[in-house]
Amino acid sequence: MSEQKNRLDLIDLNDYPVSWWLKLLDLGHKIVQNPAAYSEACKGKIMGTLFYEPSTRTQMSFQTAMLRLGGTIIGFDNPATSSVAKGENIKDTTKIVSGYADIMVMRHPTAGSVKAAALTADCPVINAGDGGHLHPTQTLTDLLTLREEKGRLDNLTIGFCGDLKNGRTVHSLIKAMVCFPNNKFILVSTSELALPVYVKDILEAAGMEYKEVTDLEEVIGELDVLYMTRIQKERFASEEEYQSQSGNYILDTRKLSMGKPDLIVLHPLPRVDEIAIEVDDDPRAMYFKQAKYGMYIRMALILTVINGDGASQPLMKGRVHKHIDCSNPNCITHHEKYLPHWFKGDGTTLVCEYCDERTLVE
Amino acid sequence: MSEQKNRLDLIDLNDYPVSWWLKLLDLGHKIVQNPAAYSEACKGKIMGTLFYEPSTRTQMSFQTAMLRLGGTIIGFDNPATSSVAKGENIKDTTKIVSGYADIMVMRHPTAGSVKAAALTADCPVINAGDGGHLHPTQTLTDLLTLREEKGRLDNLTIGFCGDLKNGRTVHSLIKAMVCFPNNKFILVSTSELALPVYVKDILEAAGMEYKEVTDLEEVIGELDVLYMTRIQKERFASEEEYQSQSGNYILDTRKLSMGKPDLIVLHPLPRVDEIAIEVDDDPRAMYFKQAKYGMYIRMALILTVINGDGASQPLMKGRVHKHIDCSNPNCITHHEKYLPHWFKGDGTTLVCEYCDERTLVE
Amino acid sequence: MSEQKNRLDLIDLNDYPVSWWLKLLDLGHKIVQNPAAYSEACKGKIMGTLFYEPSTRTQMSFQTAMLRLGGTIIGFDNPATSSVAKGENIKDTTKIVSGYADIMVMRHPTAGSVKAAALTADCPVINAGDGGHLHPTQTLTDLLTLREEKGRLDNLTIGFCGDLKNGRTVHSLIKAMVCFPNNKFILVSTSELALPVYVKDILEAAGMEYKEVTDLEEVIGELDVLYMTRIQKERFASEEEYQSQSGNYILDTRKLSMGKPDLIVLHPLPRVDEIAIEVDDDPRAMYFKQAKYGMYIRMALILTVINGDGASQPLMKGRVHKHIDCSNPNCITHHEKYLPHWFKGDGTTLVCEYCDERTLVE
């Protein structure tokens, strides 16, 4: 299992250079323009969708993408009723399915699980979310939406509103958008739910302009893009703060009226009440169309991966340290004991290649 | 959301004239005669099947219909394990799926829910049952069965046996059959489970001959069609009545021997014990073939809807009364608060356009 | 229901002669060699997969097989969430599905259930496991693996290791392998988990050489094939015996190093810990490839059954004894009361044609 593969998997967007992303977005654009031209592109191919936790929306998006390419689907979405619940390890299940299928899409609640599966799978693997760790096709969805609707990925003033502390989606999109010049970031949240320091470090390292505010209303007029996210009630510091503050993070038609005419409003969905339903009728509300772009970019991705186009990457770049354990208790290596302990780095700090967590070595 | 669509949805059979039903039955007949001719009629099209409550039989019938037209399927059948359970509203879920799919089939436990979904969906919608309210494809199934097996929809003596009070299926079929001349209705039930007054009013308004009896045996010889339905044990007035009466509503070979040679026996299925299994071997037992006609008429319906053939109908015909609530506590408008309150009528009685319930206005 | 069908179902491999198995294996071989040549062989055909108990691996294998033949799939895998849970009998459910589908694959926890379904189904039926009774496609999988990987089904020394008492898989494969000359069987188990007498009787009746040992290590060097199975911890006589003995039945790289260079290691999967994961990297580890052969042989089987090729068999060979009940409490006839009581034999011993259990008649 220490052998390396040179096959095109998509585990982490950052495994590939920006030029690769752009190629994917170009293909996505072509598909948006003329989906019928791709209706038999994956004829005779089978996609395995292994959803170890239910995610109806993501699963249907992938399934529709494969069907619109002329392919077919096997898989499960409810391990509780599948033999998987009988305690089979991830390796055996994914090994078998990857023998049946031509491409495998996997979602799992544990960080690093999809990379672990890719290590031994017999077909290319796409990460459809590994816990709170990575969800690259959501970021690709956001990038395609921006590029199709704004025409560019640079020179944008982007507002992120809601829970910026816990939102994997927001962190990933920011990490992607710093790769394009002259973007400006406006971060709208309570101080408790502010963007983590490590993401701000990324903004600063990239020399990107950003500011933090607590009130959507005061900045909405500056934005080209407003990316809304959900704040769970229990994330506010107190019931009083919830009552007095939550309204600041809800988009309604009154606030939207202060936005630019060409503003676009995004949301990864599902929403609860952070966007009033009346907003849906405004042409600037782009979140349902965004979901549809998600289907198109997944078509582009499936096609690219199944054809092995582009620069394939070795899955692991460091080496195995047999006697060192990852310090992250939620890392897949603690659940699947047979996995070799791959780490990057060589000094006193190693980075787990499954979950990306740092481990200090004494 | 007050904008009206002019697209072909099938929410309620009564939205369309009898001539439209007949066109559909004609197409159904052609498909029965030569299903292979339609095997690529929906090639490249995707059907979304959103089953908010499980109904394996109905879902498989729709799925088979779509597959036999060369189309493909996405969807869910178990909201408990899907993200839908995370509290997303019907609008958002159906909006997204209708962006992925070319046609959407929906079943939901609440009256008016499917019409609510159709209001904002981006593709045509078929009602596969909204609680106890409507189930138009069951009625279409019954009509195709009658027409194929009896050669006509008029001049038939039709017996309905079982629980005629609570059977949506029976009410709908009666409402359909009064549109054809010289049908005669024989209603076989306990007095507690008799046909509701409002359905008898429809029979009388249409000038149809009908009679009510409590014993199947005494009338079976008169029938061209016997439509059996289930009586649940707890629907009898008492245990004694169940013991003494239930036998009257069970079809066995002895009773069937009194039927005409060209009688046909229908049942919407599933049966429990209201038809003895020995009856299955009688060529007059038509309920399994009826299920197969259900697949054929759904093929005809999918094809018609996806092609937009025929007279499309605006979904809502009245207007929004913002401050009036529907009086039916099970109406979808009480569960999905964002829905505009559409009503037909203008005087003191309004009819809810979702659930068809009357509301008195003071 | 006493009428006999002459249609090609696969309920029990022993319903067909060895020549029929070989024809199937020949077709399996051709498919392995050139799967693309069969990619439209079932175009327009629908397979119904009725899984009354979940078995993700078997279901996905059948589904992939059908998709790789160009066909499509309907079905269920979780009766708890399907209408089937509402108490419909097997006959009605399978009658309806077999009216929709062109071929039906069924798995059910009760012995004889699939044969019961085949009795009234309107399309051919394949047994995907009826409780602990039969699972013919696992045996076909094993046969295809042996033939492809060893080049023959005769002159093989085959070791079976683990729980040989309770393993349906092992019993079926032994029953099949005695049909080929000069095979030698080495049975490795604790004495409590030894092969049942009735299977040893089969070995002896066929004049096959066999021996029983308690230690894998002492015989592994003799084997051409090692068929591993799982021993559940609770099957050992005591905790002490588990501690001291279980290691004898675990295959690791040390033991494997004593095996021949052309040994192949099989396992029906899922494994727990009876094969160390390090063994996977040895080219003699054939169990994942075996799973893939399972897909190929199912392709061959579906194609054969759907085309009705080969010698079809009447399902029932004896006659109905109305007043005799099968002595096996787990026989389907005790759950589905309407089933006619078919038995083979005429004297004082009858054999139930559903579950194959013997019943003594006084």
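When the chains are written out, they are named A, B and C in that same order, and each has its own residue count from 1.
The working rule: contacts are C-beta pairs under 8 Å (C-beta built on N, C-alpha and C of every residue); 3 or more make two chains touch, one makes a residue touch a chain.
By chain, UniProt protein names: A, B, C = Aspartate carbamoyltransferase.
Fair warning: this is a prediction, and the values are worked out from it, not measured in the lab.
**Student:** For the copies subunit B and subunit C, give the interface type as same if over half of its residue numbers appear on both sides, and as different if under half do.
**Tutor:** Result for this pair: different.
**Student:** Can you tell me the C-alpha superposition angle of subunit A onto subunit B, nearest 5°?
**Tutor:** 120
**Student:** At what distance in angstrom does the C-alpha mean of subunit C lie from that of subunit B?
**Tutor:** 42
**Student:** Tell me, which residues of subunit A touch at least two other chains?
**Tutor:** 72, 78
**Student:** Please give the residue numbers of subunit A that touch subunit B in the complex, ascending.
**Tutor:** Contacts found on subunit A: 36, 39, 54-57, 60-61, 63-64, 67-68, 72, 77-78, 80, 269-272, 277, 280-281, 288-289, 291-292, 295.
**Student:** Where on subunit B does subunit A make contact in their complex?
**Tutor:** Against subunit A, subunit B makes touches at 1, 44, 46, 48, 72, 74-76, 78, 81-84, 86-89, 91-92, 95-97, 99-101, 120, 122, 338.
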